[in-house]
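We call the chains A, B, C, D and E, going by the order they appear; numbering starts again at 1 in every chain.
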Amino acid sequence: MSTGTEPALRVADLHVRYGGSTAVRDVSFHIDGGEVFGLVGESGSGKSSVCAALMRLLPPGGSLRATAIEFGGRDLSRASERDMRAIRGKGIALVPQKPMTSLSPTTPVGRQLRWYLGERLDSAQTQQMLISIGLRAVLDRPGDLPSRFSGGQLQRLLIAIAALTHRPALLLADEPTTTLDATVQAQVLRLLLAVRAEVGSAMLYVTHDLAVIAQVADRIGVMYGGRLVEVAPVAELFAAPRHPYTRALIAAMPSAWIEGRPLRPIPGSAAGANRTDGCPFAPRCPHADTICQETMPTAVMAGAAMVRCHHAEVTV
Amino acid sequence: MNAMLEVAGLRKQFLLDGGSSWWGHRRPPVTVTAVDEVSFSVDSGTVLTVVGESGCGKTTVARMLVGLEQPSSGVIRVDGITLSGRRTTAQTGLIQMVSQNPWSALNRRRSIGHALEQPLLVHRPGATKAERARRIGEMLDRIGLAHSYLGKWPRQVSGGELARVVLARALLAEPKVIVLDEPTASLDASVKATVVSLLLDLRTELGLALVLITHEIPVARWMADQAAVMYLGRFVETGPAREVLHRPTHPYTRLLLDSVPHAAAGEPGGGPGRRIPEPGGEVPSAVAVPSGCAYHPRCPHRADTCTASIPPLIVHNGHPVACHRTAHLDLTPRRDRVAQHSEPDSGTAVAGAGQDPRGD
Amino acid sequence: MVFLLIATAGQFVGDPYRLVTMGPEAPSWQHWFGTDNLGRDVFARTASGAGTSLLISVGAILLGLILAFPLGLLAGYHQGRRVDGAIMRTLEGVQALPMLVFVMFMLSLMSTTPVHLGPVTLGMEAKLILGIGLGFVPFFARVARAATLVEMQEDYVAGLRVVGVRPRTILLSEISVNVLPPVLVQACLATAIAIFAEGGLSFLGLGVAPPKPTLGNIIGQSGSQIIEGMWWYAALPGLVMVVGILGFNLLGDALTESALGPRVGEERE
Amino acid sequence: MLAVLRKRVTNMVVVVFLVISGMFFLLHLAPASPANQLPPAVAADPQALAEYRASLGLDRNIFIQYWNYLTGLLRGDFGRSLYDHSSVLTSIGRALPVTLELGLLAGVGSMVPGILLGIWAAVRRGEWVDGAARVVTVLSLSVPAYWLAVLSLLFVGQRYPDLLPSAGGFVRFTEQPIANLQVLLLPSFVLGLGTFALVARALRASLTEVMSADYVGFAAAMGMPRRRLLGRVAVRNAIIPTLTVMGVLLGGLISGTVLVESIFAIPGLGHLMVTAYLRGDYPLALGCSLVTAAIFLGLNLIVDLLNHLVDPRTLPGRQAPTGAKGAAG
Amino acid sequence: STPDISARVAERHKDGILQVGIDTAPSNINPLDSGAERTRWISEAVVETLYAYDKDHRSVPLLAAGEPEISADGLTWTIRLRDGITWHNGDPLTAEDVVATLKHMVNLSSGSEWVTYMIGYLQSFTALDRLTVRIGLARPYGLLRSHLTNMPIGHHDHVDRKDAMLGTGPFKLDRYVPGQSFTLSAYAGYHGPKPALSGIQYTVFADGATRLVSLKQGKIDLVTAVPYEHLASIQANKDLRVTIAEAPLDILCYVNFGQEPFNDENFRRAVAVATDRAGVVSRVFGNQGKPGQGPIGPAELGYDPELKVYSPAPDLELAKRYLAKAATKQRSFTITIGTSGTVRNIATVLAAGWAQIGITANIEQVSGGEWSNRLVGRKYEMILELFQSGFTAGPANYIALAPADPANVLSFHYDNPELTRLTATVWQTTDDAERAAALRRMNRILTEEMIIFPPAYPPLIIAQRRETTPVDPNGLRLSRIAPHTLSFAS
């Protein structure tokens, strides 16, 4: 799908702070038009914060700083709130994480669908589209509250809203399937990709599940402790992970557990990874030495890939 | 070998208030059969995994096993002792549970030490304070937690550690069977591995029988000796985990396994959407279970017989499967399914196999 | 807290009954809050009154808590069963009367004179404590019941049951520690209301009778004096009362936002 | 909905019955007796006392009295005042409209600005508006109504005499609407202040919470215009907890009328009730209390029904027992 | 803004209605039941008595056609009524009405205050004809004339009603809102001179300040129960007129003789001497009124201006000496008071005074019903209340003295044969001079023996706007405001 043209989004040096603590530091990446960019990392590594920052919808107390967030020829980090409002939903749309709580719980789904789609809801084309993604039930029972639908149905509904309302150039999906079980997750993923293909948008897909991202992403960024430690095309990442954390993560993912081989959990815990100096992964890294403790490695480019590790060459 | 846990014909029905319409017309109450005709047995030192879709009744089975829910019918036997009605203190000690979310499994305003003391207070009423402290200390050593954790509050402890505390609490009751209801679902990948290893070690060490309920097929595959696949309250396929979870027979099991995303190291990254299976239709509601084989509306192999009667568990392809259409199934494994296993181990009794569950 | 300070100062400041001047005098260094028409020191009266008001309101809240907490736990524990129904209907009955009306009713039951119950003599303060305290029972009990219901759904309750801990033990030693904090937060806010109520009753002449000062009756008596320019009569004791209520309100707010509050910062996904 | 209504009304009747019975027996066991109202020299005479009690029917068996009272109630007879033997129902009938008017004025006058301020503060969270709203509401909550009443009566009343109760007694709305509203202005302000503050605070709190809910986040992320976001999504959901507080607030309002009416000499139910209790006029006190309780319960019922309307999830049986119960947690 | 207010008042006066601000309204508005000022200040213009006071406070016929005929043994009184008098409902006044009224007043269950006076004396009442009433007495009753002068006559259908006020007076009650307001209008069929006013409106302003503000702002013309502490500011206001009168307004002040500490004469003496009479006058009554001596005040029959047993300021040294001699070791007692603010103030000042000689007086305030319970049950050590009797006893206050008589139901255990004898004289003699002398003697005994020693004689104060004619101070001595005699000064 990657067309290699003008990037849909270019993020340079994004920082996100909550009060005194920095949750995201020095994050730079780009997403090409029509590309699916995956963002993985442990819980608390700052993935959601990146998403919210792109939307400029950080929770109260959160603030962002960036050299640039280029989108559609505009710098979102400097756009006015009013401009942002015009961009949200239209230029960039969000597929939320928790389908069960992302629709107003007291208003029937039919009415909510109309809030977003407006008259378009009545067009045969839209109706056909909704039915084709298995939302006949919603069209049949528009008077029912969201709580009467299943998570899978709601998630599909949300995807339809996010993608169909304005056909956005960029879709942000922040762990849209974590709360769904495997078969439903598969359904939703499939739908998401289908819709994206139809609308032609680029997508930022956030998850902590490497197995999922392997199925959807073109390129993957790995976050740890608020930093982007590695970016690589999906095949390259799994075939030859450069960063020790990426390697550990791949080894620890359940679908990679290989019978007969002992499990290899990452030693230590991610607590305190948001430190200011040094490599965030250093305390848990088997290759760490003093330089890792003291200075944050710079980004090293290797073809389409990027890695931030002092020992990238050594460890490959 | 004796089965440590035996369950036969377990069924649970919930009566839901039908509610009333706007005009005050009362609707009749609705019966939900959350669990139906569930039979299995687990030997000591082995793991049985129950997998299945969300809402298919896995948790209900677990709750019945530990006595939080009274079965509508069926028998639960642990170590030859039938557990029914109100359990005695001794009986509660036999079978323990570790629940899904470690953060909510402990009282947030009681120290970890307090939590660990509870099973001893109940099951060893004679023990002195010192004796209890000694036992707790031993247990902490066993699960690999520092003794300093006793004074901590649940919120000061990470998820992986908390999961261990919950396990320790269950173990202190000295059970024969432990039911694990999605023990790793809320844990990060790296922590998951730690907890899983610990569980397997303990099983061997203490000769426990484990019932593992999970969504995560990889975890199930890794841990289980026996597997049962559940669909809308019924077991549709049971047998050795190596077979069921690697060479599935029932169409639903296949869909389930195919749905599991996996990206093994070294495997070339497919393009987006490459290996995501065809969506298999809507998950039906437990209130309106489809007639006949509950899976038939989603099944690509369905035939008229499927709507007519509920298929019994019949040995096919080496283990019991509840499907009318087994003969017509294409049993060649999918290309990308990881299917490396040794001889199916056949000694274990799989309850429900061979016996006709219902003559209809 | 200024209020507590003034209330304790009251024990030392001076005699609230002494006639220190010949007539009303404006606030001065000698008499911070001035003196009233009988020549009594308003500050001494305010201080002593604040003490009484505090005693009554805190006493009432404590009484309410002691009665309501077990009731709420019990009702919550037996939710939907007969015990719950009986408790809740009774409490609803009590609650059907607005607070002030209920206390008026209670007071009228006890007459204005001390009631002698064997060796115990219930003075007006005790009666107010009883009346206001009982008035708060339904409120606290509801909070406790609701919190109990929430707690009963928690996994740890099921966990303890599985371990074999007896239901009663779970209720008393596990659920209760979680139910208490939200109730305490409400109690703090309720103390403000109790000061209010005591004042209101005394103001109406139903509470502690003057010349024994309480904030309410000082304000109640002061009414007609302001007109003659004697603003300090009502204004200053009133301010003290405002400060007191403010204090409890702010404390309640602070507690709501702190760890004691309804599980802030403790929920994880 | 009708079933809910039916159930709630039955419940309410049970509660009212409990209140009646409880109050009746307790009051009759109370130490105070209507005979206290006799001139001391008469009361000191045992024969006079006995005859007086007999004339009030107080010498009869308590259960018979209770039965008579109950059957009287069913016939709409609330008994007669011990003082002037006037019909309790008539007195209440005269006082009730005044209280209802005052309550309505205070209620609307406090809730509407309270809701607006609550929304404003929540939307501008952390800004000066929010801070100011916090100060204003906490202060409003902390100022006792009667103190404020005393001050306002004198300071405002001196300057604008028309705001004070006028000679010739209270003017009713039906007689002189303008004068009536003028006279009620100050009392309803004093009365509504606390409610205003509580509504504002409750709404601010719940709106703040709702604003951080996923569904508001989603709507915002979809670029829904701010106003619509607030109205359709945020406030609608935030008003629900406020509605449940409303029941308590109404109780506060009714309690407040008792004080405010006494201070401003408004011939409403609260005033009547205080007088009745102060004098020990039990039939009147009982009648007033019952009516107050009934009003209070009725209002709560309305609040509950409103709650069901705004939040259909609370209707029993409306929640779907569908198979996929959601994968929360 | 005085002209402003005057204009407002003038505008208001066009309707000829006098606006009166009162502090409290009776709930039982039957004037036959209560002689309390709060009832009678409203009923004054509505109901009438058989006899009435002339300006020299002598009893002269009003509804009666002449002096009563008294039988030789004094036990039968025959009274003829004036003909042609009608009730406000148009019915003629007949002997039936008087009989019904008297019956009501001896009916124990009526709850009427008059029962106290009548029971034991009045025996039978008969209407001899349409206009003649005969009253039969059980024993001679000299006070009867006084009662007939003070006791209103009610319509025979209305005597037992507590929610109606029907009379023969110049004004009739049109409507009232309990506890709120009373609207009176001139009765066209009145038998006497036509009043200048077309109506009188009483409005309750429970709060003294509001009452005064309304007066100052011209919303009302006259207020009763002027708060003493506001006296100075009203007197300073040129628009207002204040009438201060000595009246039969008593501070009831009894001590329980039957028990410690007041059974101890020296203790009693110490308390009496240490009483801060000047303090009460200055702090409570705004320097109006007089320091008290005995139970009979300056406006009452039997007052003795010569009697000066106590100095206005407390004599602490003397008091301490008495106290040292006291046999009782008790140094504290309880003062039981009602809910009136004035009484509370008095008690407060008194307690502060007694504190100076080391006696603690605990003030216990109880509601009205409970107060009378205490009095009746003798459950008090010292009991205090304000009491007005002008409408039942005229220029005297017999009730205030009654408890000193051991035979009285309210007796506080004081037993003095001379006093008992004097009491009988007071009640039975028909000779006013003899009665006055007996009262004077009683007063002296009670004062010197420290039996009843009210701290002060309070003044009666009425404030009104200058746009109305002044109230008659002479009437005020008997508590009468007589609003129906007022008019607007144009």
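Criterion: a residue touches a chain if its C-beta (ideal position, glycine included) is under 8 Å from a C-beta of that chain, and two chains touch if they have at least 3 such contacts.
Note that the structure is a prediction, hence the values are computed from the model and not measured.
Shared contacts of subunit C and subunit E, meaning chains that touch the two of them, come down to D.
Looking at A-D and D-E side by side, the one with more C-beta contacts is D-E. Subunit D and subunit E have CA centres that are 41 Å apart.
One simple way to say how far apart two chains are is to compare their mean CA positions; for subunit C and subunit D this gives 20 Å.
Distance between chain centres (mean CA atoms), subunit A to subunit C: 52 Å.
Multi-chain contact residues of subunit C (touching two or more other chains) are listed as 111, 205, 223, 226-227, 269. Contacts with at least two other chains are made by residues 150-153, 180-181 of subunit A.
Residue positions 32, 153-154, 158, 262, 278, 280, 318-319, 322-324, 327, 329 of subunit D are each in touch with at least two other chains. Residues of subunit B that touch subunit A in their complex: 53-54, 158, 160, 188-194, 196-197, 215-219, 221-222, 255-256, 258-283, 340-341. Subunit C makes touch with subunit B in their complex at residues 154-156, 158-166, 174, 177-178, 181, 263, 266, 268-269.
If you check the complex, the residues on subunit D that touch subunit A are 125-126, 212-215, 217-226, 228, 232-233, 236-237, 240, 310-313, 318-320, 322-324, 326-328.
Taken in their complex, subunit E has these residues touching subunit C: 207-209, 212-213, 227, 229-230, 233, 279, 282-284, 339, 341, 344-345, 347-349, 351-352, 355, 363-367, 370. Of all residues in subunit C, those touching subunit D in their complex are 89-90, 92-93, 95-101, 104-105, 107-111, 115, 139, 192, 196-197, 199-200, 203-206, 216, 219-220, 222-223, 226-227, 234-235, 238, 241-243, 245-246, 249-250, 253, 269.
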